[in-house]
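Note that the chains take the letters A, B, C, D and E in the order they are written out, and that residue 1 is the start of every chain.
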Amino acid sequence: MTGTTRSNRLTVLGLTVPGLIGMAVSFLLPLLWLLRMSFNRGDSSGLIEETFTFDSYAQFLGDSYYWDMVWETTILGLGVTVLTLVVSYPIALFLVRTESRFKGVLIALAVAPLLTSSVVRTYGWLVLLGNQGVVNQALLATGLIDGPLALINNKLGVYVALVEIMMPYMILALLAGFGRFNPELEHAAQSLGANRWRTFWRIVWPLSMPGVLTGALLVFVLTISAFVTPRLVGGGKVFYLATEIYDQATETLNWPFAAAMAFILLGLFAIVIVLYQRALRRIEAQ
Amino acid sequence: GCGNGTATNANDSADSGTITVKGYSGVFEDNFQKAVIEPFKKKYPKIQVKYVGSANSAENLASLRAARNTPDTDVSIMDISTSGTANKSQLFAALDPAKVPNMADIDPRGKVEGNFGPALTFDSLVLIYNDSVSPAPTKWESLWDPKYKGKVVVPAQPDIQGTALMLVENQKGGGDYTKSVDAGVARLKQLAPNVQTWDPQPDQYTLVQSNTAALAIGWNARAQYYQDQSQGKMKAAIPDEDTIFQINTINLVKDSPSPAAAQTFLNYALSPEAQASFTDTMFYAPTNTKAKPSDEALARTSLDPKKSAKILDVDWSQVAANRDAWTQLWRRQILAG
Amino acid sequence: MAFLQLSNIVKKYPGTDRPSVADFTLDIDKGEFISLLGPSGCGKTTTLRMIAGLIEPTSGQIHLDGGELTRAPVHQRGMGLVFQNYALFPHLDVERNVAFGLEMRRVTKSEARRRVEEALDLVRLGHLKSRRIKQLSGGQQQRVALARALVIEPSVLLLDEPLSNLDAKLRDTMREEIRAIQRKLGITTVFVTHDQDEALAVSDRIVVMSEGVVEQVGTPEEIYEHPANKFVAGFIGRANLFECEIKRTSGGVAELQVAGLGPMHAIDDHGAPGAATVLVRPHRLRISAADDDAHGTVETVVYVGDSIEYGVRVGDSTVSVQSVAGRDGRLEQGARVRLSWRAEDALVLK
Amino acid sequence: MTSKLRGWPTRILVTLLYLFLLAPILIVVVISFDTQSTMAFPPQGFSFQWYARLAENAEFIHGFQVSAVVAAGVALLALLIGVPAAVALTWHEFPFRGVLSGFFLSPLMVPAIVLGLALLLVLAPMRITGTYGGLIVAHLAITVPYVIRTTSMSLMTMNRSCVEAARTLGASPWRTFRRVTLPLIAPGVLAGGVIAFLISFDEAVISLFVVGPQATTLPVEIFHYVEERTDPQIAALSVVLIAISIVFVVVIERVAGLKKVLR
Amino acid sequence: MAFLQLSNIVKKYPGTDRPSVADFTLDIDKGEFISLLGPSGCGKTTTLRMIAGLIEPTSGQIHLDGGELTRAPVHQRGMGLVFQNYALFPHLDVERNVAFGLEMRRVTKSEARRRVEEALDLVRLGHLKSRRIKQLSGGQQQRVALARALVIEPSVLLLDEPLSNLDAKLRDTMREEIRAIQRKLGITTVFVTHDQDEALAVSDRIVVMSEGVVEQVGTPEEIYEHPANKFVAGFIGRANLFECEIKRTSGGVAELQVAGLGPMHAIDDHGAPGAATVLVRPHRLRISAADDDAHGTVETVVYVGDSIEYGVRVGDSTVSVQSVAGRDGRLEQGARVRLSWRAEDALVLK
């Protein structure tokens, strides 16, 4: 069924053309415009000069400040991805396995946060972690601390809020990735002497890799392009590529520079995608 | 498509038509609706006014710029530094003095060269504080007080509140912002340990009101408004030293779908009655010299005759030109610490 | 005391109306080779899975070596299990599938490699070591599953139809290999099979099940020669069951009046006259052409290599007769025949 | 086995993680009944005033309608073009497969803010900014990759011999897909659809650029609202949205059996 | 012309070094029942899947009813296929699994219900209609797969080990049911089995394969009585192969000198003197106690119900002898014996 016959090619064409058209209109065209924009010259008062120059790229690449920012962004993406995976996996696994009557409700609960605007959820975190927040009040009341801890307006807050905001996406991806999870394989491993821990690492985990990879990619991408949460929780002290692009695009109004940064970000993420696809192909081969 | 997107609009005349006004959202929108748009609608029942909120001036400009070939907005309200850029990029049209006679009565500080959109409101930078703070602060210096470590809020550059504070401090330190802001930056560097957040969320008025922060800088009009709203939990203090004006201009969008009706509206917004009414509701100082707001409202504005002498003179186009450079200075020298 | 003890095991799956295993009791000695035999769906797999600990009995206990097992976690039971559907790990290759159990036991790399190689040679798959599971034929997969269970040299080996997809020759070989290892290491083995011949050939004892119930437990010869009831008689090997009337019994031999055949003799352990059933295996029946005095007519003739199977119509039932091919003359369809048997070849069932 | 899995350690761990996941929502629920006019803790009283105000907020109500319609349209369209593309990318060998698959993923690499800006400049001349169609087009590119990813994941893990069985039983490729493949990959398709819906429903950044006076989405309304005000009306709105989603889920559960679909 | 024609079919899976099916040519008549027989991994499933159109041959053509099939889409071939691993639809219950093919053919609801019921009764699963697949035993699943393929009454039926998980009794019944339907509707059938007896019992013709190559095609009797070579002889039924020297051949009977046994006779179709191999089936060998003049010693005695199997050591090889149990006297392990056969029971292979 996977020969490269003519009918196969027609099938492939039929299957992909609608997608290609949709993507062309809603992505490729804008992207090309963007590329053109990145070669214009913008000045700091927001005026744009139509020309063809690599100034913006040069400005970005020649400034170590931006390189640090790229680094910070990458670390944020990886950190949030790993943490999200760690806290989401047990929930997903539980949901796949449970025979509980409340399974449907539990799944709904895991996804429900998504229906609450991430802006609102971030506010929830502000209320929870702020100086007058629930956590600080509780800690003060128990006498464990004598002044409020700085839980937000710093990186810590950004990580906590982002991890929570990304969890439902990760859970959804993992749930789908487990597919029709076959408990028989777990049984087989156990009958061969694998304890729960090793059954997990040797059987469940590798078999859930498609879901893990998908979830990881999803979260990584959403994280590095997230700007609302770092904005709201970062206290103006943390800078990532996304917030920087946002600033350039909406505050400084230097669109050419914003566009150039976007393309640099794109190049960076192309690397991630390539790695992802390579990993995926390894799994697919199985 | 957008209903009123064509450049020549048969329905447009000085007393009928549909216009779209783009300006700040939130309390500004609420009060502007109440104090200006509603009375206007009563006066010109055949003109439909649609108000579209945008988060800030830059966003407003961005959307104007994107839609420059097919504008769907007629009137735009934005900060003067941003409107300067818009004027330069030919996004706004010059007003017809005949159609906007009230332009003539605008305070000189609010007039813009070439008959482009003039000032709609005057505002100034003030201190705001939680009512648990005593004694009540009267000078910018209080922000540096070590007892407020981690309890001060300053919206950072490119927000013009941060810019304004820097300019004030720069001036105090003997600097000339047209040449260098190093003195101001040095002062703010010292302030950094005290600052809880440079990017207050939801905003500094709320943080101070809930006592999450003790002290902050803010705009007078809003501060006064929230002081009333919070029953005094948050207070505004117009400092008895130099401060800076914030000016919002009202502009006619180039190729606006309904330029005639739009200018009728502009003229009304600049009229003494509308200006007085807006001052009474939200404490923006009127720009029309003939406006007669109530005395107690006027006393709480930056135009209070006792204070206006201390307004620093700022060339906003200079500020706009330096915006990016200054932002980088803040990033690398103040915020990173 | 028995090594592996199943006491009054019951399993009822939720949503079913009858238990799939009902009151199953069995004592298995150390090193014994037990076969579970029974029709499809009678509860063999269910029983095996309860021993392995993969499903919990609804009631009843399992003891291993004197200790209660019912609550022990699966991986500590040290049992080797071949699943009916193989349950091979799709993400590992053949070699690593087989090595899995050894790794879990922290056997050294070199030792593990040696043993995996041995096990794969045993199942004749040495040359496919690094194949992915998806790239194997059905029988090859089954053999990987077998190697995976054998390589860990478990103290209890549970085999669920481990040879069902192999050809007779390979099945014979595999069966002998299993038996040899089992003997050498004294592995207690429970072997589920649908193949009666196989069960008869390898088992120390056979458990015949039907609809979740144990019908008979005994050595192959006991089961075959002295089936406890009609079900066992009919299930193990092919059987002709004749309704008859016992006239008289003397010296363990009964005189019978068999419907359609007339007076006959048979071994009888029970001794009471009256209505009964007599069992005669097809190959113990003798068939001879007879024009007059015939009992019936040959309806079908099937050639099965080693022998010829006749279906003979007697009255309104059909009797199977198996005759060694090539040795006796061949009868044609439609031939009128007489049937007979020796008393020691027939058994009265009650 | 199952009884052991439900052991206490697992339960406690899962409960704690759920608590973390739901913490901000719980806070939001509590605050929505507060009498204070800012979002703060602890609450000062109990009232329904924010719900009452919400009911009168025409912008939110209209925004909700727009968002729901747009999100549903986006999810549907994304599934319609994403699922076939996923089938092609996972099951068929053809030249440039890797390139194509990279292309379908690439919208994820472009920060929403930039894409929003870019979309505005492409859509504005077409005069479809601020329309349902424009919003759907704008959200399409960022949702299709999710549909493709989750779907191909399920396609990869499903047992393909079922498809072969259906074909030998006389099912045409299309019917095989509808009757066998689709039910078997339902978890992935459903996840993709849900993610697409939610991403569109929650998308604020791109929308900021392409909304117009005629059609403004709920997140944009919320975004504008919180820039100026932080009263618990937003909290009340969130609670209402959660309630709607739970009703929605319960209905699906009753009608289709979510458990079955996701298992 | 043949109904189903396979011409020079080759299949080489990517990444393997040898083709799994090599130059397979076979003509099958309409209504014929063909069995594919061969060791595990010899390419039976691969062949079947190529006929069904699930995998494309690397080269070669398939014609059905005169038309080229190689390019026809699977669902228009109208073939019924039972998969070795069942491939049941996990999301549908038993009834809807079986009904699937009928729905695809747009059979009316009531008609479909009737036929599904019939098919399920046929495989003895009428009572499990609304079970989920997961809740069935292995054999029950296999029967659902069978019912699903039979219910559509296809013109070509492809069965891949459809009975491997059933007990002998059920297997017999199912086999007969398949055969009856097949005959009634004239369904051309290709039956893959690992069970030689089964193949011998039901097939019109048997194809014996080994490592992707057809070794012999013929009726059961041809295959069994006249195996084309040692592989077929050894694979079909059990066989003793003796190395020998042909002295002389006259009238189709050869005089042999067999190593360890001395002078013997055998049927010989070839006629040339010299070194050869002679085939004697275990049950055609006669065994008798003999103290002097013995050929060898009884090494093993296995009781297999219907008969007793002896392993007799002759020189350094082991000869199998099968003797009907209960009819002849029983020999003990260690007994010294003589072996003999009748000329017509032995065959010279070249």
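Keep this in mind: a residue touches a chain if its C-beta (ideal position, glycine included) is under 8 Å from a C-beta of that chain, and two chains touch if they have at least 3 such contacts.
Per UniProt, the chains are A, D = ABC transporter permease; C, E = Spermidine/putrescine import ATP-binding protein PotA.
If you're wondering where the values come from, they're calculated on a predicted model, not measured in any experiment.
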item: Contact-graph separation of chain B and chain C, given in steps at minimum; value: 2
item: Most heavily contacting chain pair (counted by C-beta pairs in contact); value: A-D
item: Centroid comparison with chain E (C-alpha atoms), farthest chain; value: B
item: Between chain C and chain A (ABC transporter permease), distance of the C-alpha-averaged centres to the nearest whole Å; value: 57
item: Computed distance of Cα centres, chain B from chain A (ABC transporter permease), in Å; value: 36
item: Per-residue overlap in chain A (ABC transporter permease), given as positions that touch at least 2 other chains; value: 1, 3, 123, 126, 132, 180, 187, 249-250, 283
item: Per-residue overlap in chain E, given as positions that touch at least 2 other chains; value: 54, 85, 90
item: For chain B, residues that touch 2 or more chains besides their own; value: 56, 59, 62, 202, 210
item: Residues of chain E that touch chain D (ABC transporter permease) when the two form their complex; value: 49, 52-54, 73-81, 83, 85, 87-91, 100-101, 103-105, 148-149, 152, 158
item: Touching residues on chain A (ABC transporter permease), where the partner in the complex is chain C; value: 182, 184-185, 187-196, 198-199, 202-203, 206-207, 209, 283, 285-286
item: Touching residues (chain side chain A (ABC transporter permease), partner chain D (ABC transporter permease)) in the complex; value: 1-4, 8-9, 11-12, 14-16, 18-19, 21-23, 25-27, 29-31, 33-34, 37, 87-88, 90-91, 94-99, 103-105, 107-128, 132-134, 137, 164, 167-169, 172-173, 175-180, 183, 187, 210-211, 214, 217-218, 221, 224-225, 227-228, 241-242, 245-246, 249-250, 255, 258-259, 262, 265-266, 269-270, 272-274, 276-277, 283-284
item: Of all residues in chain D (ABC transporter permease), those that touch chain A (ABC transporter permease) in their complex; value: 1-2, 5-6, 10, 13-14, 17-18, 20-25, 27-28, 31, 39-42, 77, 80-82, 84-85, 87-94, 98, 100-115, 117-119, 121-122, 137-141, 144, 146, 148-150, 153-154, 156-159, 164, 173, 184, 187-188, 190-192, 194-195, 198, 201-202, 204-205, 218-219, 222-223, 226, 230, 234-235, 237-238, 241-242, 244-246, 249-250, 253, 258-259, 262-263
item: Residues of chain E defined as touching chain C within the complex; value: 13, 15-16, 37-41, 44-46, 84-85, 135-140, 142-143, 160-161, 164-171, 194-197, 200-201, 220-221, 224, 234-237, 281, 283-284, 302-307, 322, 324, 326-327, 344-345
